[in-house]
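Shared between the two complexes below is chain A, which has chain B as its partner in the first and chain C in the second.
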Partner chain A sequence: MQYQSQSVAKPYFIAAIGLFVGQILFGLIMGLQYVIGDFMFPEIPFNVARMVHTNLLIVWLLFGFMGATYYLVPEEAERELFSPLLAHLMFWIFLIAGALTVLGYLLVPYATLAELTHNELLPTMGREFLEQPTITKLGIVVVALAFLFNIGMTILKGRKTAISLVLLIGLLGLAVFFLFAFYNPDNLAKDKYYWWFVVHLWVEGVWELILGSILAFVLIKTTGVDREVIEKWLYVIIAMALITGLVGTGHHFYWIGTPEYWQWWGSIFSALEPIPFFMMTVFAFNMVNRRRRNHPNKAAVLWAMGTAVMAFLGAGVWGFMHTLAPVNYYTHGTQITAAHGHMAFYGAYVMIVLTMISYAMPMLRGREAAPSVRSQVLEMWSFWLMTVSMVFITLFLTGAGILQVYLQRFSDNPLPFMVAQDKVELFYWMREVAGVVFLIGLIVYIASFFVGSRDPEPVAGAVEPAAAA
Partner chain B sequence: MSNAKLAIFLPFVESARVVSMNEKETIVVDTASAGVAAPDALVRYPPGDLAIWIFILAELLVFGVFFSSYAFNRMNHVELFNQYQATLDRDAALINTLALLTSSYFVIRGVVAAREGNNRLCAHWIWGAVAMGGVFLVVKSAEYSHHIGAGISLSTNEFYMFYLSLTFFHFMHVILGMVILAAVAVKAGQGGYSREDHVGVETGASYWHMVDLVWLILFPLVYVMR
Partner chain C sequence: MSQAFTKAMARNIFYGGSVFFLLLLAALTFDTHMAWPERDNHAAITESVSQGKALWEENNCIGCHSLLGEGAYYAPELGNAFKRLGGKDGIKGFIMSRPKDGIPGRRSMPQFNFSPEELDALADFLEYVSGINTSNWPPNIQG
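Coming up: the complex of A and B.
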């Protein structure tokens, strides 16, 4: 660790992993509720489990992004963080606000939570993924502003690199687009329209900048390839991500009462969204092939390459599958969407946060550059367990989705929703099994932090000519 | 495992090796484009940075998809497209075509000047190209204000939807191209290029030619062809 203040990243990473476990547990509960409808009812109804599953995902990814930023920015800016104290303070505020919100979801009915938090003063509750009470949303804004101030001042006073600037633009965009969470028009079409300004422009817009810059940072550090080369790729990738991602918002505007031209705009631009992800895959593999050194932290390199591949598959390929308006006409809101959501979030954002944790955690825990061999072996096991089980979750949900589309919307005698759901039960069972394997992978991942802590560091090797292939 | 069984795997092994060789080739190509002056900078192909070519190809793909969508849509509404195509100002579009062609010529002169190590001359030509881009923006804006004044929007009909979308998307590219050229011109003005290293000029020039090229397809497609 080059700068003392980078250590503020550690609690953020630990909290992220902790909430990740919570997210997966609720995912398993909900997965079971797909087939055993009254499982854990009335304590945890399906809608609550779903809310907790998705909200925890967003919150722990935000913890991960913030931790990654706190680790990355001092090193890029070549100076200590502007205010480590502020970073620590914001950590506790965010964690406590997040915990209280989840407890609120679990302990009282949602309507009561709305009353308790005086939602009527500024109604923002009740929208998918943005269910947080208004007070929590305000808290998020405060935390985001303090965070941006802290990071912005650090970058402003230090060295400005393409990586830190792209990251800052991404984080700024994240904060700005979140403000649409406070705009809650009565007109349902408008409501949905602006809701996507948060949801889509986050994951298919500004988050991609965050993803790109963190990936570029880890690749510079682990491969030793010239910064100049990596930054050039970063620029091309984010330019493409923004062009396709911003206008690509239109693929959510097909059937919500917006003008018809969105079917063209949305189809054309979102169909090209896989391109930047494909470039990212080429980029990651190219950089690793051209590496100047063999970094001793092989697990981190594995995560980085895994991110590029899985983001392309999950966000790129699975997104393309149902993005064209004539296809989406049938698949909209079915299990196809769920399949895409799972692999895209895991491949792009879960994996990039785990990449950064994998790279930074050894230094944060006082090691030179890498965990012990035993720990890395375990971590790579967890990589494969989680990644392969996520591929299966996605495939099973895709199977369920295709069948659902056919039975419920495409066949000559369309079945009602719940009848169709009964018919795809087998896929849900298999998805649940894959989910259990994912949880095992996650447990192995956590165990890897506690194994071989006292073992010596693996040695960094020079690149042999043959190794470049 | 018997030899015969092994042989089944051989083609796979061989093809795997070919793939890895290709990767090495990519590496070689990439190294040449690392942005540092290569000794053979004058004859290098493609000109400019490899990264801009990846970007150019991706952009051409976007426009290509857009043009095909236009073509397929026109097939179904030939009469509507012909009727409203007549409302467009072809003279303005012709002026714009000439403006972009002239700008591309200026850019070429700029590249030639840079190759000779003449930064001052290079900057003059590139600024000239930026100015012609400005002409394009003014003329196109006048066209837009005419359409908006007539109450035309994306929802008016299929033809206007495509006309406005395509030309506006290209309009944004002209602006981006001008920004890139301006950056090149500023650097040239500061004496930032040399006979050995002028990759930046060629990079900007390549992008600008792409913007011009797209218009050369867009103009006949949307304004002229019946």
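Coming up: the complex of A and C.
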């Protein structure tokens, strides 16, 4: 570790992993509720499990992004963090606010939570992914502002690199677009329209800047390729992300009371959205091929390349599959959407956070550059277990979705929703089995941190001439 | 990438492209605001509809159902529930009849114990939603 204050990243990463476990456990509960409808009813109804599942995901990814930023920015700016104290303080505020919110979901009926937190003063609750009480949302804004101030001051006083600037723009966009969460008109068409300004412009917009800059940072560190080359790629990738993704928001505006020209704007621009993800794949493989050294942390390189591939598959390919308006007319709001959501979030955002944790954690734990060989072997096992099981979760949900679309929407005698659901039960069972394998992968991942901690550093092999050329 | 294409050029494409397309999104948003009155059924938004939307949100209905295709996929689409369930009485009857302890082995909507006024508000809200012009989505009455 080059700068002492980078160590504030560690609690952020640990919290992220802890909340990740919670997310997966509730995912398994929901998965079971899909086939055993009364499982845990009425104690934990499906909507509560889902809220916990999705909100934990968002919160732990935010913990991961913040931890990644705290680790990356001092090294890029070549100076200590502006205020490590503020970073520690915000960590506890965010963790406690997050924990209280999740406890609120689990311990009282949602309507009671809305009443207790005075949702009527500024109603923002009860919309997908934005279920947090208004007071929690205000807390998120405070934490985000303090975080941005801390990071902004560090960059301002230090070296300004493309990586840290792009990261800062991404984080700034994250905070700015979150403000649309406070706009909730009675007019449902407008409510839905601006809801996407948070959801879409996060995951298909500014988060890609965060993803790109973290990936670029890890690739510089692990491959030793010239910064100029990597930063040029970064700019091109994020340029394509925003050029396609901003107007690509229109692929959510086909059927929610918006004018029909959105079917054209949305289809054309979102059909181009896979391009930046494809470039990211080419980028990562190119840089690893042109590496000037073999980094001893092979697991981190595996995560980085995995991110590039899985983000393209999940966000790019699975997104394209149902993005054209005539296709989306049939697939909108089915298990196809769920399939895409799972692989896209895992491939792009879960994996980039795990990439950064994999790269940074050894140094944060006082090692030179890499975990022991034994630990890396276990970590790579967890990579394959989680990644392959996520591929299967996605395939099974896609199978369920295609059948659902046919039975409920496309055949000559469309079946009612629940009748169609019963007919695709087998796919839900297989998804649940894949989910259990994912949990095993996650357990192996956590175990990798506790194995071979005292073993010596692995030796970095020399780059063969072919690779160095 | 070739040497002739410099980092500065890539950076300029990023800044220029982002600003241009952000402005294009803003322009399309402005035009959407102009077009909404024709499509969004705003005339139907009464006090009862507003109350219904608040109830919809405060009970996290979106955590199981989809509304105009957005939300969870655990329970039926409700954008067209007004038509599928046969009007307000059908909606109210369904919500009222949910067993408190669920149905063994099956998915079941919780019993929310709404007052008659709240049931009216929810049904009014779903009636309003069913009047939004969704370009003929969903494809059929099953949602």
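A few notes on this one:
Everything below uses one rule, namely that the second predicted complex is superposed on the first by the 465 of 469 C-alpha atoms of A that agree within 3 Å, B and C clash if a C-alpha of one lies under 4 Å from a C-alpha of the other, contacts with A are read in each partner's own complex, and residues count from 1 in each chain.
The definition used in the following text is that a contact is a pair of C-beta atoms (placed from the backbone, for glycine too) under 8 Å apart; a residue touches a chain by one contact, two chains touch by 3 or more.
Predicted model, so just to flag it, every value in this text is computed and none were measured.
When the two complexes are overlaid on their common chain A, residue A:His88 makes contact with neither chain B nor chain C. Residue contacts after overlaying the shared chain place A:Thr258 against chain C, while chain B stays out of touching range. Of the two partner chains, chain C is the only one touched by A:Asn187; chain B is not. Of the two partner chains placed around the shared chain by superposition, neither chain B nor chain C is touched by A:Arg291. In the superposition on chain A, no contact is made by A:Arg79 with either chain B or chain C.
Judged by the touch definition given at the top, the superposed model places A:Lys221 against neither chain B nor chain C. Of the two partner chains, chain B is the only one touched by A:Met279; chain C is not. In the superposition on chain A, contact of A:Glu131 is made with chain C only, not with chain B. The wider contact with chain A, measured as residues touched, comes from C rather than the other of chain B and chain C. In the superposition on chain A, contact of A:Ala162 is made with chain C only, not with chain B. Within chain A, the residues touched by chain B in the first complex and by chain C in the second are 228-229, 232-233, 235-236, 239, 243, 259-260, 265. By the touch rule above, chain B contacts chain A in their complex via residues 20, 23-24, 26-27, 30-31, 34-35, 49, 51-52, 54-55, 58-59, 61-62, 65-66, 69, 154-155, 161-162, 165. By the touch criterion stated above, chain A contacts chain B in their complex at residues 226, 228-229, 232-233, 235-236, 239-240, 243-244, 259-261, 264-265, 268-269, 271-272, 275, 279, 285-286, 289-290, 468-469.
Here chain A touches chain C in the complex through residues 33-34, 36-38, 41-42, 45-48, 50-51, 110-111, 114-115, 119-120, 123, 125-128, 131, 162, 184, 186-190, 192-193, 228-229, 231-233, 235-236, 238-239, 242-243, 246-247, 249-250, 252-260, 262-263, 265, 329-330, 332-335, 337-338, 408-410, 414-418, 420-421, going by the rule given at the top. If you check the complex, the residues on chain C that touch chain A are 1, 5-7, 10-11, 13-14, 17-18, 21-22, 24-25, 28-29, 31-32, 35-36, 39-42, 45, 49-50, 53-54, 56-64, 66-77, 100-108, 110, 112, 128-129, 132-135, 137-143.
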